[in-house]
Amino acid sequence: MSQFLYLIPGWILLAGVYGIVTSRNLVHAVVCLSVAQSATYVLLLTIGYQRKATAPVFSDIKPTRNVVDPLVQAMTLTDIVVGATVTALLLALTVQVAKRRGTVDPDDLRSLEP
Amino acid sequence: MILQIAVGLPFAVATLLAATGRRLPRIAIDAIATATVATLSVLLGLVLAGGDRTVWLGGWGEGVGISLVADAVATGLALTVTAVALCALVVSWRYFNEVQAIFHTLVLLFTGAMCAFVLTGDLFDAFVFFELMSVVAYALTGYQSEEPDTVHGALNFGVVNSLGAYLTLTGIALVYARTGQLGFVSIGRHLHGHDALVTVSFALICTGFLVKAAAVPFHFWLADAHAVAPTPVCMLFSGVMVELGVYAVARTYLTSFADAIPAEPVRVSLIAFGSAAALLGGVMCVLQRHIKRLLAYSTISHVGLLLVGVGLLHEDALAGAAWYLIGHAGVKAGLFVGAGALLNRFETVDEHDLHGRGRSMYVAGLIFLLGGLGLAGLPPSGTWAGKALIEEAGGHSILALGVTASALTAGAVLRVWLRVFRGAGPPHPGTTQHHDAETEFKLSRLPWTMLAPGVLLVLAGLLLGLLPGVVIGRAVEPFTHLPGPAPAPWTATSIASGVVAVLLAFGVAALGIRGRIPRVDLLHRLHSGHIGDYVAWLVAGVTVFGLLLLA
Amino acid sequence: MSRRARLLVLAFGGCGLALLFALAAFRLPDFGGTSHPYGQRTLPNAIAHHTPNVISSINFDQRAFDTLGEELILMASALAAVLILRTVRAEQEDAAGKHAYGPAQVFDALRITGYALLPVTIMTGVYIVAHGYLSPGGGFQGGVVLGSAIHLVYLSGDYPALARIRPIPMFEAGEALAAGAFVALALAFAGQVTAMNAVVGLEVGSAVVLTLAKFFEQALLVRKDT
Amino acid sequence: MSDALIVAALLLTAFMATAVVLTRDPARQAIVLSGYGLVLAVLFVVLQAPDVAMSQTGVGTVVVPLIVMLAVHAIRRHHTREPDERDDS
Amino acid sequence: MTPLAVGLPAAFALLVAALFPCLLGTLRGEPVDRLAGLILAGPAATLVLMLLAAGYGRPAYLDAAFIVALLSFAGSLVYARFLGGTL
């Protein structure tokens, strides 16, 4: 029953993919890619969640073993950085596409196949 | 300790170059970068000589830490990476209006990332370095950002590869949820029996790697990116980066999922994807007149064969794949040097435009001739030895596939050689496709540094078949787990198939120079450069892969 | 491909991917379950190494190599922004529009808020970096705050002032050196969580400033050619 | 109560993700993306991950939407093929 | 009632009754109208996070709320500048 919650990251992933495929603007497509990636954050954290447990940060409580999985949080942190940098890089490329081709609509970009 | 130094060295020097690049003269930057990669290859050679070992970083043992696994396959592959990177750096000595030291920094990061990717024993860590490799690759592809095709190709590359990587991460999360492990080996120990979760997570993890390996239908980005990336970068892309995808698939299955997922569906699906890539790549290769694009499609075709070699899941075929990989790395990287020479000499890489203009370029012509023969698999090239082993393990259909793919791709390259360097066939005036040279000025004479590495690489590829089989056999032992008899490619059948492929390649070339290069509208339209198409094909490919595995 | 064909391929792929994901999801362990062997193993190590923030301990100590890759990705992408968004010939700053970025154009309320928030934000960033080993946060989070803080100057309406306080070469060098320090810390002197937090904070902050600077530059450019 | 919060936050996340994808104009999308970043931050705290929430706040609600906005502005200057070139920025 | 007992229900109520409507505001209209929604969503999210910190009995979570307050405010001001026509 509780597995239904895992479907939500799947939904976000598919929404992002749908956005990229149907996009008429490359900036929009890149943002949709970052949405697809945010599915991985949600998936990782839902996998690591544990009922009635708290964050594995012992600054204001005594150390306990009753915590949610710290490892998925570490992975998600790395993932967030990766996602942000990739988004920035792709947007930089998009700006150049706009400059050199005069459009950011994938339908108007001529094929690279000569 | 030597392994840690080897992994850290390119990164440390890259950061220093990035920090001081504004002040250092160009010659110092070249020298530092080249010396670093040379040192790295010496260190890796020492590691290889020292035998297999596993190092836990930071002194954290198994259970929480990250390991570096320097087995023979991984170290050998890292050594191949550094060898190609060294040649690429030498080629780049006279290249580019350098922007600070960014090119060299990125190449060092790229080399380091590829080495770390093959050496790490941890699945999530592999994802991280896969991403580092990809991010650097997007930046290098878009290096000449004032060219429209360049940035467009780099963007397509970036979106498709990133999405693939995110699917890989999704798969990693799923398998982590099941096993609570991240090490390749420890995942393998904790996976028992297969169900939908294990199968789907395997399919998703492999997706990113298959995108990198450009298996059909994940391959669309490759031609777009390779056609526009600077020559030294193309050498690294086609020579080693794409092949790392196949390596990662092999490693994921053989060290982590082999006990959980039965071999048959994996074999069927990998052979299906690989054969599709081998055939489609071969056909598209023949249809190109843009020489770098032509070489890019030949990479798709050959990496498809490599995937078939892995997909057979047979120890001899694995040894063959390893052999094929190093042979292909030499030949293909060398061919890109030749294409770069044409680009910088004539500011175009269009086969029709270049008709007969390469007559005086003996060295570049030699590279194309020898490279074509290498792709066809002339004994004793590494590609021939590897292909022979794969074909022997795979039977008649794989034999036919291998001969067809090499005849088509090599035929296209030999056609270029005949038309450009020998002036064969009728000229086709008109329709010029001008590209800016990658160097500051159009070169009237090419410096030796731009050609010698190409000759060396092609020759290495052509002679690698002479390596004793026992070396390759030992190299893939970590995958096969059995020190069986050394693979022996020297049989009458294999020599015959090699010669037949070469003859067929010349036939394809001869047919090709008689008229214009044909267009097959359906195929050209399929490779549309439209990012939506590429992503749609990507998810369709995942679906097919998953369903094949579940069936 | 036509739009229609593309949507058909997507429909096939999307339905398939949804099916595959759902099949996998229903095989996952129950939501909120207690079985997290890897995570549990990291806890005692973090305590033993006096890092109450277990996540910091994983990121900077137990799995520092991951973070090494992450920092290099950050450096690579900042360099890529410098590379790809470099201004080539025939592009110069829009001289006519330049006055628009001067301080005069902005509401007083906005300007005062910008200046007032600046020290608070910088202090917060430093606090988050410094206490990363203990409380939630760390080098990355603090670095982002620090990197964003500088752009509050822009809020106060003064693009030239913003350009003055972020000399690009300095941030480039700082970022690269911080990344280099992290390579050394991660591979040679493992376990220096506080020092690592500090260099990561420096690197992330510089990278954010650098990347944003390049995008600002592009947004303020006009094309002079053709 | 925790479970209800998690369900609510997850549903809100899915809703906002869909909204980001369906907002086709990038300048408007940047604002929605900022909102999505906030929702993700709340979700992460609900899932007991304050560290991740802080990261997400910095990156997802400020830096990335700002880059999107700057990119949109940079691109507007180079739009040559759009007939109705608006400059209402 | 202690803050512990009231924190989570209050957070839930605010999430549904304050944050959600604000976010709905970002989904329609011209950029300026959307911005109004975003500017309101920042404090709403901050409040939700503070109540969560109280409800879970973890003052450490307040750091996250603080960051949200600071950055969402600054972020929406940047948008305001963009839309104000000075760039």
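Annotations for the structure displayed:
A, B, C, D and E label the chains in the order they appear, each numbered from 1.
Convention: a residue touches a chain if its C-beta (ideal position, glycine included) is under 8 Å from a C-beta of that chain, and two chains touch if they have at least 3 such contacts.
This structure is a prediction, so every number in the text was calculated from the model and none was measured.
Common partners of chain A and chain D, by the touch rule above, are C, E.
Chains touching both chain C and chain D: A, E. Interface comparison, A-E versus B-C: the higher count of C-beta contacts falls to B-C. Think of the whole protein's Cα atoms as having one middle point; the chain whose own Cα middle lies nearest to it is A.
When you average the Cα atoms of each chain and compare centres, the chain farthest from chain C turns out to be B. A centroid comparison over C-alpha atoms places B as the chain most distant from chain E.
Between the Cα centres of chain C and chain E there is a gap of 21 Å.
Chain A and chain C have Cα centroids separated by 14 Å.
Annotation: 28 Å between the Cα-based centres of chain A and chain B. With centres taken as mean Cα positions, chain E sits 13 Å from chain D. Within chain C, contacts with two or more other chains are made by residues 6-7, 10, 13-14, 17, 21, 26, 28, 32, 36, 38-39, 42, 53, 55, 58, 63, 66, 69-70, 73, 76-77, 80, 84-85, 128, 135-137, 140-141, 145, 148, 151, 211, 215, 218-219, 223. Taken residue by residue, chain D touches two or more other chains at 2-3, 30, 48, 50-51, 53-55, 58-59, 62-63, 66-67, 71, 73-74, 78, whereas all remaining positions touch fewer. Residues of chain B in contact with at least two other chains: 124, 128, 131, 135, 138-139, 142, 145-146, 151, 174, 176-177, 182, 525, 528, 530, 532, 535-536, 539. By the document's touch criterion, interfaces exist between A-B, A-C, A-D, A-E, B-C, C-D, C-E, D-E.
The part of chain E that touches chain C in the complex is made up of residues 60-61, 63-64, 66-67, 70-71, 73-75, 77-78, 80-81, 84, 86-87. Looking at the complex, you find that chain B touches chain C at residues 4-5, 7-8, 11-12, 14-20, 22, 57-60, 63-66, 99-100, 102, 105-106, 109, 112-113, 116, 120, 122, 124-125, 128-129, 131-132, 135-136, 138-139, 142-143, 145-146, 151, 174, 176-178, 180-182, 195-197, 200-201, 203-204, 525-526, 528, 530, 532-533, 535-544, 546-547, 550.
For chain E in complex with chain D, the residues that touch the partner chain are 8-9, 11-12, 15-16, 19-20, 22-23, 26-27, 31, 34-35, 37-38, 41-42, 45, 48-49, 52-53, 55-56, 58, 60-61, 63-64, 67-68, 71-72, 74-76, 78-79, 82-83, 85, 87.
Those residues of chain A whose C-beta lies close enough to touch chain B in the complex are 9, 13, 17, 20-23, 26, 29-30, 33, 36-37, 39-40, 43-44, 47, 71-72, 75, 78-79, 82, 85-86, 89-90, 93-94, 96-97, 100-101, 106-107, 109-114. Taken in their complex, chain A has these residues touching chain D: 5, 8, 11-12, 15-16, 18-19, 23-25, 27-28, 31-32, 34-35, 38-39, 41-42, 45-46, 48-49, 51-55, 57, 67-68, 73, 76-77, 80-81, 83-84, 87-88, 91-92, 94-95, 98-99, 102-105, 108.
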